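There are two complexes below, and they share subunit A, which is joined by subunit B in the first and by subunit C in the second.
On to the complex of A and B.
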């Protein structure tokens, strides 16, 4: 009896939906934490250098909003860990300590760094020196950023599993190189892209709220000073997002070509592949440039990946059917190893060698048809456009805001103020869409090439998962409403910070 | 005699007292932070007291490492 024959198919979809709901909810708070930490750190640094109490008050206002966001968001990530053990138990065991080590480091770093320095940041204004307080503010942000690093290392490993070896005795992957896991190109790019996206979110939040102040003709000095810092931070961070996004594209083209093909809706690839802006509107050769940094670079399409192809450099890429055959050989060798390991060491050794030979195709053996390798193309395609379009809109608006403010025209241009406010939802939509591209685009894999979601999932009933899904949706909605209400109240009650005459 | 034992102890105790006082004063003087702490406590109670306890029991809990390998190994075999 194996998991595929007895699993309730609804469990997979509901478990995925539940994980997506939790991750999307968690991601509402993380980017604002990362971004506000940077912006308020810069503001407090200005206070430290200029010794102007005005900047202290400005920093303290944004620190208050940071605190609200942090308080509501804290521990929401824990639910994801609950779900690993309950809904994804096969996966949790199979990944072994590779996933556990980064998460444990994240827990320790988050607890000690953030809990220590966040207290100094909020309680220490009149109790510690200005320098110590400033260091605590930056260390709070650094703690949050380091937490993100370890979480993203774990996520990147699922997209590009490296630095491990599968042990059929324990049925776990064992880490053979911590450096390979922690510093894989996928992990580094994912970290830089995600964290810089957080910086943009924090910056546009500050710009958006400040634009609202200016539209209401209140807190003018606070708003102008905040925009002066945040708009520049947002512009620079947007450039980092674009640069790291470009590098991520190259990385995905190498490691997850099906995700790239789905994001482009590209059925037949080739050299000089076009980039689709929207269906029917294309830029010739642009996809090749983005994916390979070569105008004639070869980009495989969905059909090429399913049927197999030979790259221009002569490398033969197997068809999905061939990979599935090899995957079945690996699973068969795994079964024979488990069966004979205690009684027939010779047979077991032979089976283990066969498993090692075909291990890179292990997960393909669980697929029933090649089409299962294709993710939801419309969802990935449009999410990609939302991500890129949202990012482009934000950069344009921030550049306009900087330009108008420098010429003293910002307050008299309501369109710019409204556009500035709209950057806030745009940032959230773009970053959530980015995660949809990353996670839906890698389906059917829980771990790329090794474990599809239908094997990673636990044997639960659909009713159990639907119950917890609904419970989560209810709790998360209540918490979100509470946060938005508290945040809006704090913004409405913003102190009228003014420079001393 | 006393100075050899008790004065260093007092000095040793001082940083802990200072940290305790720092946190105690901070919490006592909180204004809007009280609502947030209340929210955090309610949230943690729901997460750990309800969700973790009644809805999220790890599927492999109660098994030792050997049994977990056996269980997952069985599920991965075709």
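On to the complex of A and C.
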């Protein structure tokens, strides 16, 4: 039998690339689904309450764009789910006992809701009552949002693993508390931050398209009505994004200090750490305030984390070298346990105790050098700035749009209309950058402290993964081009929705 | 008593049921594979596409849920088969991605590739998806070439692989094509999906010319389906399976293993027989009675029952449901590949929602399909594909 026993090192990076490719494409479509669902739901609710067919037509226009965007999000999502198995085989076994559950629940609870009611939403206008139709529109959005909940529970668990125990008998981590996994503070914050980012995306999409209509002096009633709803939704959602972003910063400082240090490009940390706006421009003590909500809070830098440090409260944090040594002791104890468990119970018990003692550092044992613990700093640093900058720009523009519209000045202020249109690319750039911060920033960990990516992969060859990477890149890109073109055409052909005179 | 073993069997039952539903819902694929054969004019093709276009998401979602449920309940299968038989699953994924966008994009201006290409995607998915699913299920009986070594996690550095589940050859799933029995079940599902697709259309469509053609098509596909299905059933009933001994944690081959399991569980035998009879009744009624349009109501549930019974037999009574031909001791059975008792329990609570989900699907489905589907309706529907 010819079993490969050597791991092809190229597989690790190409598997990461393939997953990143799928996730990035997926995240081009999902936020718009989440956000448009909310905006459409509000519009159809207005129609339901006022019984004014104008609002029905407005809602239906955005539903059409929702439909174009929806299918491709579903398609990329399917691949993501299966890629855990196909490309991260070891991961799937090592933590499948915890990680699989949210994915299954997502299917049972969320996807069926979405799939069922989207059909009613699109095909049921003449077949079901107004109330049932309205409920279907909201349930479609709720299904999408619940799905986001469960997949983000899964993602948050990778960043902040809780509620499990390692079992050397089965060689995997096993869930001991469902509530700890499903309701972990990291999961709650990740969900709120990500979903509100989706709401912002949906809102600025509506605002951006409407601004284009106004610049072209067409579809004016549709545009004004849409902006009235979406700009307010966008402002409120932006505030949620900011609030949860702030809280996420505090959580990351505690759970993933290396990610925070990388996002700031902070080599040497300390008390009263400054916040870097761009290289060379800093706000003193600001990072301490953001990360610890305390002007003098201690924030470790990359070097501190590698060399080890003592926090002001006296807690000693081990150096990377020390963690790696303890990790090797853990893995060595694991191997001895496996070897002796059937024949020498005494030896096995001893090994198991050693494993338990060092389990905290298990994942570090697979690393070859401390430098592997440092993610790509420039990428994370600049992505962070794009994320925050994009978010800030959006909030400012939306506030201006709301104000100008109330004063009746929006149409006569082309600068504002242009700025409104530009919020659309800003939202996409900011949200993509956000995922880069979250995912590149946690490298090398597939699961924080527990499983580095080089131990999480499948036993494939580089050629195989490169082939599927190129295949997916090609398919996704063609489909994206088609989607954007179809979307632009649908916008150009927008019906001239008018209130009855 | 809710024991660990009970939970493992409960989840195997749910996964098998989802598998059954998935095969039934592949009537969408079957109908799509007939798109150019049955639809002679643009109007007809558009009607066919719109008929499956209201259902495709259920098949898709069932596939996703099947994957998620399998992952949550038997993660070692997920890591062994998905990471090992890489190309099989990738082929399935690509076909479903192309399908998902094909509906929405095909008739919109600016779709880059033109209507015909998107419809060919539907045909591609219509043939490939049942073929791959069938071949993959066949490997539950024919076996695959893999090794599971949990000790591998102890390898550090030195370039040694820490991967627990490894495929035994470089074909990574394409090797399944070398076993003719995998082809037999794959093609069985292709023809079954086409039969189901035609039966579904006969029930739904309000178009005499199309329905007449579909009835002929049922006959054309039913003959190879029945022959292939009987052949595979014969193979399974005479095949040697691996039995797991829990005390020694070892597998040993047992001739007529699946026949024995069938015979020791009359309930499953009844399920299987009822399923087969229902499928044949659905086909028979449609062929013999020109006024009968309800074939799908027999053949659909019949498919679910048959697949459920076959998958149950593959896994219960400590049978290896994913046998390894190269290293039998690496084979997967319910006891050695499932999630922990705690996780299965937590998931079992969630599974209580399933009847509720099925109820709202049935209700919503009923509300939209009321009154069938005609060309006139498609033409007047703003959201038609």
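As a working rule, the second predicted complex is superposed on the first by the 494 of 501 C-alpha atoms of A that agree within 3 Å, B and C clash if a C-alpha of one lies under 4 Å from a C-alpha of the other, contacts with A are read in each partner's own complex, and residues count from 1 in each chain.
Basically, a contact is a pair of C-beta atoms (placed from the backbone, for glycine too) under 8 Å apart; a residue touches a chain by one contact, two chains touch by 3 or more.
In this text the structure is predicted, and so the values were computed from the model without any measurement.
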Which term applies to subunit B and subunit C once both are placed on subunit A by superposition, clash or fit? clash
Taking the superposition on A as described, I'd like to know which of subunit B and subunit C A:340 touches: first, second, both or neither. neither
Between subunit B and subunit C, whom does A:68 touch in the aligned arrangement: first, second, both, or neither? both
Return first, second, both or neither, reflecting whether A:350 touches subunit B, subunit C, both chains, or no partner chain. neither
Let me test your reading of the model: by the given contact rule, A:254 touches which partner, first (subunit B), second (subunit C), both or neither? neither
Considering only touches as defined above, state whether A:317 meets subunit B (first), subunit C (second), both or neither. neither
Touch check for A:220: first (subunit B), second (subunit C), both, or neither? neither
Looking only at contacts as defined up top, I'd like to know whether subunit B or subunit C touches more of subunit A. C
Given the touch rule stated above, what does A:488 touch, subunit B (first), subunit C (second), both, or neither? second
In the overlay, one of 76-84, 220-228 or 310-318 from subunit C clashes with subunit B and the rest don't. Which one? 76-84
Would you mind listing the overlap between the subunit B footprint and the subunit C footprint on subunit A? 1-4, 64, 67-68, 71-72, 74-75, 78-79, 82, 85-86, 89-90, 92-94, 119, 122-124, 127, 170-172, 328, 331-332, 334-335, 338, 365-366, 455, 458-460, 468, 471, 475, 479, 482, 486, 490
What does subunit A use to touch subunit C in their complex? 1-7, 9, 60, 64, 67-68, 70-72, 74-79, 81-82, 84-94, 96-101, 103-109, 111-120, 122-124, 127-128, 132, 136, 167, 170-172, 174-176, 178, 328, 331-332, 334-335, 338-339, 365-366, 368, 455, 457-461, 464, 468, 471, 475, 478-479, 481-483, 485-486, 488-490, 493
Touching residues (chain side subunit A, partner subunit B) in the complex: 1-4, 64, 67-68, 71-72, 74-75, 78-79, 82-83, 85-86, 89-90, 92-94, 119, 122-124, 127, 168-172, 328, 331-332, 334-335, 338, 365-366, 455, 458-460, 467-468, 471, 475, 479, 482, 486, 490
Subunit C residues touching subunit A in their complex are 54, 57-58, 60-61, 63-69, 71-73, 75-76, 78-84, 86-87, 89-90, 93-94, 96-98, 100-101, 103-105, 108-113, 145, 147, 150-151, 153-154, 156-157, 159-170, 172, 326-327, 339-340, 342-343, 346-347, 350-351, 353-354, 357, 360-361, 364-365, 367-368, 370, 381-383
Contacting residues of subunit B [partner subunit A, same complex]: 22-23, 25-27, 29, 32-33, 35-37, 39-40, 43-44, 46-47, 51-52, 55-61, 65, 68-69, 72-78
